[in-house]
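Data block below; observations after.
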Amino acid sequence: MTIEERLHQLESIEAIKQLKARYLSACDRKQTDIMRDCFVETEAHIDYGNVGQFNHRDGLIDVFNELGNHEYIIDMHHGQNPQIQIIDSNTATGNWQLYFQQINKKENTLTQLGGFYDDIYTYTQEGWRIKSTRFTVTSQLTTALPAKGTD
Amino acid sequence: MTIEERLHQLESIEAIKQLKARYLSACDRKQTDIMRDCFVETEAHIDYGNVGQFNHRDGLIDVFNELGNHEYIIDMHHGQNPQIQIIDSNTATGNWQLYFQQINKKENTLTQLGGFYDDIYTYTQEGWRIKSTRFTVTSQLTTALPAKGTD
Amino acid sequence: MTIEERLHQLESIEAIKQLKARYLSACDRKQTDIMRDCFVETEAHIDYGNVGQFNHRDGLIDVFNELGNHEYIIDMHHGQNPQIQIIDSNTATGNWQLYFQQINKKENTLTQLGGFYDDIYTYTQEGWRIKSTRFTVTSQLTTALPAKGTD
């Protein structure tokens, strides 16, 4: 590879890590415009298991608004152990693990979940975007919320 | 951007990630000299909410010595989802999420906390340093420490 | 440093982060071939404290098969706060923190553990590999598994 190609590869890996960080952070802060912008505009493949399967980003945002976008829901989406592979100048794959925690003040539950993402990214005019993402749950624990100290 | 500028940008992003990793790791290991060295020497802006606001790194170290630097306190500060932006050769911004856990063997409590950092970094003669940092808590859970298995 | 050397350094840091991500992810997915491949072929130094000390990767895999490679064990190994230093073109060091969680459905326990890795990496014909790794536990909590919601 040339210097230019090697630099571009490193820049792409960093851009994709930042894309996923932006997405996960936006999920926690309920910034649906940013969440939406992390996906390609056209057809996407989003497979979040029990949460739903969607062939366009708008489907995901609709379900998020229904299930997660409430004041009584407080989430942590923390991306772990990223493995990004640049396939060519327009395509990359990513494997991530996720640590997820949800406080639900209405149901009075604390849910903690582990799993992994298998992603495909596409380079667009706006930069790298998520083209395909599949999340697989490996563990889930739900308990009653501790009686005090919740914020 | 030239090759040189692009390389410098990637090096700066890596250096800043490592700066924050060094800071968070030093908090866990109670290495106050390293914690202190992660900030600029001169005036800084440190806003840790209920923990305190400081305009110099020495103020933060004083409070850490008072509240956290004890054998009965065992902390985890884990930085998540970094989003680093290089503004110019001397200035960068960073957004991070944090997973924090504190075992307090004196109070017999387990505290778990989520939140995010909004940081500004400055390039100094010693390398990148934290110039400004604001931490916002998004969730906090406190329970009694489990009766057995604590280490 | 030349442009070539600077690029190589950034590529090495990314490759080492990805090596550790691959290792930790393989531990969670019980992919022992991948775990094994993350270490040098020849003599290694693996010091995992109470789990054991090994001078070859095969010793670690044997213990993993005995203690962890069961359907009733569900692990999370999440690497945190990486600090990678490239010493020369064949040698690097790494410090990581770890968030570890283990669900044991046979013993009905939930274990959560924090600690840090001190690693040495060697560049081989197959790329960067772990030559030496020492894990130090900083905290451990064990409780009974919540009665419901386990998956």
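The letters A, B and C name the chains in turn, as written, and every chain counts its residues from 1.
Basically, a residue touches a chain if its C-beta (ideal position, glycine included) is under 8 Å from a C-beta of that chain, and two chains touch if they have at least 3 such contacts.
The model shown is predicted, which means the values in this text are computed figures rather than measured ones.
Two copies of one chain, chain B and chain C, touch each other, and the residues they use overlap weakly: the shared fraction of interface numbers falls below half. On superposing C-alpha atoms, the copy chain A sits rotated by 120° relative to chain B, to the nearest 5.
Chain geometry summary: the mean Cα position of chain B and that of chain C are 24 Å apart. Multi-chain contact residues of chain A, defined as those touching 2 or more other chains: 3, 7, 10, 78, 99. Those residues of chain B lying in contact with chain C across their complex are 3-4, 7, 10-11, 14, 17-18, 20-22, 24-25, 28-29, 74, 76-79, 99, 101, 103, 110, 145-146, 148-151. Residue ranges on chain C touching chain B, taken from their complex, read 3, 6-7, 10, 13, 78, 80-84, 95, 97, 99, 111, 114, 116, 137-143.
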